[in-house]
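The two complexes that follow have chain A in common; it is paired with chain B in the first and with chain C in the second.
For the complex of A and B:
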């Protein structure tokens, strides 16, 4: 344990700017990334953010300066080139899109590395910095506007965010239709190609702007992870865009504080903020996969469990009804446990559940149906015996085979289906075992 | 006489002259000549890989022609976009896309309202009417991933119905849909035809061809035959179209037997 770590303190001047730069980057990337994810082109974000390197190097070698505007132009050119080369490789080489992307972006990235290293002694462009970024240094490099001193990275990212928002808002319908149905879009005169390359150009611009803050590799996470989570949480495009931006922002904030505070719990000093943000984004995606209300793993487990509870509860009611029918005394927990093959401890739960729903009354450990419980059980038993008649007459099952399928289907059978079953057979007074079929309840009374 | 003939030719919904298309130097369509008269319900039929979908795409200029010309109502497609409605193959899109049924239908307006137009209440109402026509009104707000194959196809047809088109191009609308959807689609196509529209449908099932359509185009890279159903749907033409593919030949004979039997 390292006892000498200073206590964590929040400095708005430092942490504020870092978080703001991260938020702007996450929002810009998530907004465009949503369309990459929907177009099944997630890897293109990865490819473009790597392949912009030669564009940067070329812009730099040609002009000898690190002026942002030229870098942007170089990046955009290469971004479009990447996506065009990918299409071209795919067609000419007759390989699938993944292979084409893999060839194109590694090739371009290698080219960029060679270009940088070739001029390493004369220029100040560090490959490591390109890959991992240096968001922690954001507050140091400032730009003066009037009496304000704003970090350059924040200004750049704010510009990128504005461009991306304007693009998505004005081209929303075009992006939507070309993402969903490019053939229809083209037939209506909305060029899916133009939208494809515009999107690629803006992804390239976003990647370049972000490489100073979160780094070239980690921007890929912000392009893909928040939109992937948002896709699981929403059913409309507009909501997906909003949710993915919000998730990106949450990941940024959580990631920054996580990077500083979490390692301290084990006595280490803080870790890379960009790394923290990406891990936070990944964690959000995992949480979404587990807990998403409709698609989450937990909700499907939960639904299964709830269904199981319902079926068991109904089985108890039907069992009590049949006992009443035979004129036997109320059931005890022990007899129920034996007949339903249900552990005694689970019965406590059902005693409570059926009790508060006023289906069952327990008097001196004797389980008895209430009036409401008897009505519910009557529906079930009627369904069960109508099904038995159906299986006997229509499917030709023997009497021994009738019970299991009827037992399963009774839980899915409503009054509509009972009506159809009832009208099906000639006589519906008794089931194949000779047991009387209880009448349909009059629901209006 | 010549003048009136010319004007009639110019107003044809579709006229293709010497159209050739190739992928990787292999021809897909070869010197296709085709004139479709107004107000026909046209079955576009041929074996797999005969170039049926390619032909629809070529009509709309989605695929570059190697040679030849296509005229829609006497004009290049780009000038008469509004008069053509296209229904792509259902499998060509990703149905997990985050959109509702109504969203998808409203896409039919995107071409006309341009960059800065808005989807108005009137558009919404029109879309709802189209959904009602295909029996999907109650599903308007449903997420499209929850639709069955037939419902997906109905949604696509509704999207075409909101376009003020005179020529409808449908790419395999009957592929893997339930029987009631198939009947509903046929019903709507017939009512479109009664309203004077021309409908061209890529179709696979030879058994239903003579019942559904009144004009037939048999395609196998070339146009093997084209004309009214009664004079075009016969053994010789079908054999020419399907060539030596035995299983299909059997299907053809059966189809013809069925037709000749009553």
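For the complex of A and C:
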């Protein structure tokens, strides 16, 4: 462990460029990734990251140099080839997408490995890290444009982003239809095949450009994680695109700051920025899973809980109403807990809740309905008994069967449905058990 | 190396005389069999790339185990510790995949990709952390994820054998629920099987195989062994009981052949050789597999096209000859006397010249038509008979379409073309009874006779 860490500093000159490169990569990857996720091709990025090896090897063997532009071209060719071979295998052999990807990328990687190892005595080519750039090194390799010195990685990724944005904007409609309903697209004269291959080719280009400039794990993650989170947040494709790009950018910024600051808490210096950005994207996904307004865990648990509270509260009111109707004295906590099968400790909560909403007041441990509570309970009991009438006359249930469905439905029944039940019911005075049906309240008063 | 030496070398390898070869063959063969079996379940469960995700998910486990080892005072590079770390995060990754699948909007592939990239990112991050501690020259750790098949020792083979044995045993014991799970998850659940736990079990089997395989043969090869043989076996059979042994056999075959090649050829890594052989078996299956192989469907398609071409050409020729004979006022021209310019037929059918010549050539081989140097063709006697039969059927069908389906006479030729090849003799027989009142089996006149005389007249 390094005891004498230099003080933390943030250099716009260095960190600014790193973040910018990350942002460009994240934006271009999440933009295309949304379509990959929709088309269930998410694993394509990872597959390409392994499969480009023979392209690199071939470029090297043909030219005998490690010049990056040639390697880049070789990798792009094989990247496009990977996605096309995958499509070909999938369509012609009717193989699963995943299986097709698996066959193609493992085969290509093995081929590349053999090519490299076979010519190892003439070649200085490490299969692990030929093309795998590192985002931390982006500020070092610069091009001069006018009076500006801009890192090459930033230029490359900016170019990729522009191409991707132009593609998505011009082909938005076609991409949308072919992603959701390829058959419809074909019948409209939009070739789903052409869109598929175009998309795959752009993914290959984005992936390879990112491997070279910012490293492979970042683009593989950004192709999948932000779009998956966006899919949980929205149902509209246009919003999904925007949200996933924004999430990708947020993850990039947070990831870089995290990677250079968090390890210092334990006395280490900064760790892999690409790793940090990936973790940040993962953290955003977990946050989405927990807190997404519609699909999130918390919201679905919360909705269930709120519903449960509402039903129990209404049951308490209806019970108190029936007791009043029978002329019995107010209920104690004990009798309520017995009749509603509710633990005593939960009753405190309902006592507070119903009290604060002015439905119930408790005098000397006796629960009594207030005027407002009585009115609410009246609606419930009226709904309940109207339903019983309905089930007895229209559905033909026996008297013993009437209670459970009515007990369930009373919580869902508004005045509109009560009105209809009232008009169709046989008796408008009493329910099948002979109990009086309370009158509908006049809402205007 | 002379041929003799090569032969001796081959024999040495095949008869397993070297200790090293024996271990490699045994280890990879067993691994292949087990991953072939598990791969089938994964493929049918549409999780073919699970091995990919899990093998990437082991990296942070290796790093954490190393850090724990260092923190507790060791070197951190004890194999059992690293393996258990790998297994732990591998399982966690599997659980995360199952958890993510509970969300309707996150599909299978996205769940795999999410787990793969985030776990691997964490691993990369931890590797850079490890590089900062004095004990952590992480080279050995990275080497962990690229196995070296060539240097397998008896201990490795024993480990592989015991793990694969367990995996196979579990897979066979749970054959029935696994089958249900793969084909109809809902039905399996309705039969009372705990689907989530079965999935979890399948996941753990994959983790076991991946861990052993990663260390023994490397990342890419274990992914390939889990995917490729299973996908290949699908081209040969639809039945799970046959798919399982077939996939295991294909995987074992690839392993043995690949290992042999690697032992014989200098500088061919065995993992790569095995993957390439597996992909080759996949390609062979893709083309020639007797159930879904594309060669067979191509051949069926091609034959059908040929029979269509034959029928179309004979009928066109018949119509041209018919016209020629009608215009011959003397009525002396016999059906085999008229020759028609090939160009005219080409124009009539709108075929390319090559297409036309191939079809004509086949008809000549069948003895139905003759064509000679001046670019003209004529019927043989049997050819005319066959053409008359086809034309008779075609026109009956046209009549039927016009009379009962109310098809426009100008378009009836196309409509009849589309369907007539699918008509069987029984239907033709009943059409004959229904429609043939006046011609007694002779060819009825066309409802849309050729109007223009072909650009060149007939020749005697």
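Convention: the second predicted complex is superposed on the first by the 320 of 445 C-alpha atoms of A that agree within 3 Å, B and C clash if a C-alpha of one lies under 4 Å from a C-alpha of the other, contacts with A are read in each partner's own complex, and residues count from 1 in each chain.
The criterion applied here is as follows: contacts are C-beta pairs under 8 Å (C-beta built on N, C-alpha and C of every residue); 3 or more make two chains touch, one makes a residue touch a chain.
Nothing here was measured: the structure is a model prediction, and the numbers come from that model.
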Open item on the list: So in the superposed three-chain picture, is A:176 touching just chain B, just chain C, both, or none of them (first/second/both/neither)?
Closed with: first
Task: Partner chain in contact with A:117 - chain B first, chain C second, else both or neither - done: second
TODO: Could you tell me if A:231 is touching chain B, chain C, both of them or neither one (first, second, both, neither)?
DONE: both
- [ ] Considering only the touch criterion stated at the top, classify A:271 as touching first (chain B), second (chain C), both, or neither.
- [x] second
Open item on the list: Tell me the contact category for A:187 with respect to chain B and chain C: first, second, both or neither.
Closed with: first
TODO: Considering only the touch criterion stated at the top, classify A:40 as touching first (chain B), second (chain C), both, or neither.
DONE: both
- [ ] With the two complexes superposed on chain A, say which partner A:289 touches: chain B (first), chain C (second), both, or neither.
- [x] second
Task: Partner with the higher number of touched chain A residues, chain C or chain B - done: C
- [ ] Please indicate which partner A:323 is in contact with in the superposed arrangement: first for chain B, second for chain C, both, or neither.
- [x] neither
- [ ] Figure out whether A:240 sits in contact with chain B (first) or chain C (second), or with both, or with neither.
- [x] first
TODO: Pick out the shared contact residues on chain A: the ones touching chain B in one complex and chain C in the other.
DONE: 40, 231
Task: Complex contacts: residues of chain B adjacent to chain A - done: 57, 60, 62, 78, 81, 84, 86, 88, 92-94, 97-100, 103-104, 107, 110-113, 115, 143, 159
Open item on the list: Quick check: in the complex, which residue numbers of chain A touch chain C?
Closed with: 1-2, 37, 40-43, 45-46, 50, 89, 92-103, 106-107, 109-111, 113-114, 117-118, 120, 128, 217-218, 220-221, 223-225, 227-228, 231-232, 259, 263, 268-269, 271-272, 274-279, 281-282, 285, 289, 295
Open item on the list: Using the touch definition from the top, list the residues of chain A that touch chain B in their complex.
Closed with: 38, 40, 170, 173-174, 176-177, 179-181, 183-190, 231, 234-237, 239-240
TODO: Give every residue of chain C touching chain A within the complex, in rising order.
DONE: 43, 46-49, 52, 56, 103-110, 112-114, 116-118, 120-129, 132-133, 142, 146, 220-221, 223-224, 226-228, 230-231, 234-235, 267-269, 271-276, 278-279, 282, 286, 292, 294
